[in-house]
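Below, chain A partners chain B and then partners chain C, in two separate complexes.
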Partner chain A sequence: MLKKISINKISELAAALMDKGLLLAPVKEISGYNFVEIKDPKQVDLDFHNTIASPKAAFFPHKEDFIKYETGKPIDTASVVALNLPPAFLFGARPCDVKSFEIMDIHFNASGIVDPFWKQRRETAVIFGYAFDLEKPAQPEEFYQTLGIGAADPEGSDVFMVKKGGDLLLNSVTPKGEKILAELKVLNEGKAADKKYYEEYIKKGKEYKTRSMCLEPGAITKKLEDLFYNTDFWTRVSSACISCGVCTFVCPTCYCFDICDDTLFAQGIRRRVWDACMFTDFTLEASGHNPRTHVYQRLRQKINHKYSYHVRKYGVISCVGCGRCTKHCPVNIDIYSLIEDAMKA
Partner chain B sequence: MINKNPYIPVPVEITKIIDEVDTHDIKTFRLVFLNKDDEANFKYLPGQFAELSIYGKGESPIGIASSPTEPGYVEFTVMRMGAVVPGTVTSALHDLDEGAKIGIRGPLGNSWPIEFLEKKNIVVVGGGFAFTTLRSLINYMLHKDNRKRFGDITVIYGARNPGLLLYKDELAAWEKRDDINSIITVDKGDEAWQGREGFVPAVCKEVAPSPKNSVALICGPPVMIKFTLPVFFELGFSKENILTSLEMRMKCGIGKCGRCNVGYKYVCSDGPVFSLGELDELPRDF
Partner chain C sequence: MTDFRQIENNLKKEAKRLLEAGEVAVVLAYGRGYDEKHPMPFAAKAIAHVESLVFNEYCNFNMARYLMRYPWGTKIAIAAKAADSRAIIQLVQEEKVRREDLVIMGIPAYGMKNQKTNEVIDSKTTGGLYNPVIYDILLGEEIHGQKIISPYEVLAEYEAMDKEERWAFWKKEFDKCIRCYACRKACPMCYCDPCFIDQNKPRWADKAPQSPGNMMYHLTRFHHLAGRCIDCGECSRACPVDIPLYLFHKKVAKECEEMFGQAAGMKLEDKPALVDFRVEDSDKILE
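For the complex of A and B:
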């Protein structure tokens, strides 16, 4: 099912979605675009390349409350925070970011114990993926082509959107997407010419150039295993790193979290919050022992986790080439160059 | 774990606290489930652990020290941490009295591989505080319903001095039994000490357990492990027949939070029990 709407009328579409549930869409903030919960339909702005933070927070919020309690009161008076989620619409996620949800699904939803929060948030959400603008060049930090991800891949989205001049074409990818498109009266029917344009756009997206190298998961896994004890290499590539952790926070596939108790006077909440393997105390044990005291050990952990451990454990590289870590690194560590270096080392 | 939300602890009451050592910083806590369903869901094997939970303080992953053959309760031996970094949960736990109620999440992790151990001679080597899940296994194997499933049982357990030995009553009881060869040693005895003196590696060399159809389970401080392993290699134990239990900082305990990995394995869900053969496959990152 192909529908369309004039981009000028995007706020009408936003208002229609807000009538049905929670809308998360790109909004221009002071330092750039981010996905935020829309309060006013006019906030939605599709004139962006990509957002500063990845949209992972839609399913894995920075803070997730587990339990509320009063300190000093009996344990059985604590209450579990119920997760009664309204339907949610994630509007405008780029193909590489949509791919990240599939990678996270394997970890949170499809292996071992299921994470109930991730699962429920995924189930209640409809994803409106949005192709990159193929008329404009990729940003220098991007390399999703390396990971086999096109600039207009609809897979993983429920509805996939493509810009055609002043119009936005919306095509259903899943039954969930088809259902919502049928319900949105604000949309117009797509024409045969729109359908042709959409299909060609998807094809062209495969050839969209980002930085690209030949990266076979088995080969990089093996290479990193061989390189593990090459302290000279890891010291060199991490020499500028200040362990700030920004790479992990903006990353769409970083999922490390802390579980902590936050108390204010007698009110307490046990919750999980994002954490980062780049922090010095991430692996600090109560005995004082810390297996990763050096910055090179922590960067080695991060790179290995994405390009080696994740491949060994789940069969896929845990990176989608969005380039956010590179773009936001305050000391210009470029993960793409690092992987290139590793392959040559 | 049957609980639908794996991050929510269930309530237990501390019904007994045993002050284990002269330094008073290691206590055994006996916990009884407040709800029968929770007790039924907490089916564990020796070698597993659980997250002990105090609201307002946090959670701490602790090995289960009791044996599943002891119904009605579950025991944890906990050291009060805080000498180097704040041991917030263990300190709070040590400050509690009998009758206090806390939370528990588990059982978590794999276990000592019971099926693999069956019909084999078992050599248990423990040092100091790292004896808790080994005690669980020993009591499991010594239970009348289980004893015949295992071959000879040899236990070599050492501490720095007699006052630091854990489970003193049980150690004495094992010495009286003829279906377990229990060798207790201390680095240095005091005036009252009638037993053996000597470091664990040296005692292992002296006892020289046969590697034939045998599995060694070794837990202790790094320095003990370092000098004990060569003894067992020299005796002829293969890496597949030497098992240990790892520790890493943990949070979720279910393989989700990304904290306790050694290479591509998570200590919480793939471990904590590994053979030396398995550890050889992983990077030295622990």
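For the complex of A and C:
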């Protein structure tokens, strides 16, 4: 089902979605765009390239409360935080980010252990994917083409959106998407010409140029395994790294977390908070021993996790080439150049 | 001012000479990144690495941040712009680095730019100086006659706010914080191991990026840098969500300078203001 709406009327569409549930959409903030829960439909702004943080927080929030308790009280007085989610709409996620949800599903849903929080959020959400603007060149840090992701891949979205001049074309990809499009009265029917435009756009998206190299998952895995003990290599590529957590926090496929007990006076909350393998205390053990004290060991872990262990275990590279880690790295470490270096080493 | 290309050539020449003569084991400077606009901090340890050295208007990293990675006795050559040279002095004062281990390659420069915004950062987030305070070799001619802007000039708007407004301002800014700790990691003066925020006995703040914990982290860090911040602005540039951390640091630096008559990292023989006690010290803080 193909529908359309004028981009000028995007706030009307936003308001219609807000009537049905939570709306998460890109909003222009001081430092750039980010997905936020929309309070005022006028906030929604589709004039963005990509957001600072990935939309993973829609399903895997930076902090998530699990249990509330009072210290000193018996355990049966503790209560589990119920998750009663209204339907949510993730509006305007780019194809590479939508792809990341599929990778994250492996860990939170598909590999035997089910995370009920992730699962519920995923099930209640309708994803409105949004193709990159093919008229504009890719950002220098992006490399999703390397990972076989096009700039206009509708896979993974429920509804996929494409810009056509001043209009936004919305096409349903899944039955869930079809249902919601049928319900939205603010949308107009797409014409045959729109349908043609949409289909051609999807095709053209495959050819969209970002940085690209030939990356065969088996080959990079093997290469990284051979390189593991090459301390000279890892020391060299990590010499600028300052061990902050920017790369992992903006990454759409980083999913490490820490379980914390936060207490204020007697009131306690057990919650999950994002953690980063680049932090020194990430691997600090209760004994005081830390197996990864050096920067190079931590960067090696991160690269290997994404491009080697993950491929061995699940068959896919845990990276979608969005380039956020490169863009926001305070010292400009570029994961793409690093992989290129590794292949040559 | 010597142009950046010339400075780059001088940097390569000096780095090559120092490494060749065995005077230093490592040259801390700037290297090629994934494009012109994104150079990287770089440690050249062999003559073959020298060709990768670069210098342009985007090389604003504070290389002093990397000094403490090397044990005392390692001879290090370090490229130092004005703010970086102050960081070196401050680290020597704090006995983290030994002056005799260093060959300071001074870089006089203005017109340095923020990589993200392309805005010129002179005086806004650097100390308002163009020439390195201390150096052994100079990689370009000293700058004279360029208009000197007080590093505290950008505070005008901030100082016009009253107490409540400032509280509201910081609360709003800290709400953006994602606790990636890029600010402390980019800071040459943040070398505590472990940082108080990473301790868990006692636990000083939540790990979650929410108001009380964010406030605790930033306010403690701000005060821990009182009289030590050398105003390089790296914390603000490293921040992925653009929290203007430099405003607080500058404000504290200004008050410190007024109270104790010394700015951080200006003289090797100074002691850090809050470590030193003098009978004539200001009591303003108690009033």
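The rule we apply is simple: the second predicted complex is superposed on the first by the 345 of 345 C-alpha atoms of A that agree within 3 Å, B and C clash if a C-alpha of one lies under 4 Å from a C-alpha of the other, contacts with A are read in each partner's own complex, and residues count from 1 in each chain.
FYI, a residue touches a chain if its C-beta (ideal position, glycine included) is under 8 Å from a C-beta of that chain, and two chains touch if they have at least 3 such contacts.
This is a predicted model, so every value here is computed, not measured.
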{"item": "Side-by-side fit of chain B and chain C on chain A, or clash", "value": "fit"}
{"item": "First (chain B), second (chain C), both or neither touched by A:Ala53", "value": "second"}
{"item": "Partner chain in contact with A:Lys196 - chain B first, chain C second, else both or neither", "value": "neither"}
{"item": "Larger contact residue set on chain A - chain B or chain C", "value": "B"}
{"item": "Touched partner set for A:Lys42, first chain B, second chain C, both or neither", "value": "neither"}
{"item": "Which of chain B and chain C A:Asp258 touches, first, second, both or neither", "value": "both"}
{"item": "Which of chain B and chain C A:Thr71 touches, first, second, both or neither", "value": "first"}
{"item": "Vertex chain A, arms to chain B and chain C (CA centres, degrees, nearest 10)", "value": "90"}
{"item": "Contacts of A:Val250 with chain B and chain C, given as first, second, both or neither", "value": "second"}
{"item": "Shortest CA-CA distance in Å separating chain B from chain C in the superposed model", "value": "5"}
{"item": "Shared contact residues on chain A - chain B and chain C", "value": "258, 260, 275"}
{"item": "Touch list for chain B against partner chain A, complex", "value": "1, 4-8, 11, 34, 55-60, 81-85, 87, 90, 101-103, 247-249, 251-252, 254-259, 261, 263-264, 269, 283-286"}
{"item": "Interface residues, chain C side, partner chain A - complex", "value": "31, 33-35, 38-43, 61, 65, 115, 176, 178-182, 184-186, 193-194, 198, 206-210, 234, 237-238, 240-242"}
{"item": "In the complex, chain A residues that touch chain C", "value": "29-31, 52-53, 62-63, 140-141, 239-240, 242-246, 249-250, 258, 260, 262, 271, 273, 275-276, 279-281, 326, 328, 330-334, 336-337"}
{"item": "Of all residues in chain A, those that touch chain B in their complex", "value": "66-67, 69, 71, 74-76, 78, 80, 107-108, 111-113, 115-116, 225, 228-229, 255-261, 263, 268, 270, 272, 275, 277, 282-288, 291-292, 297, 301, 304-305, 308-310, 312-313"}
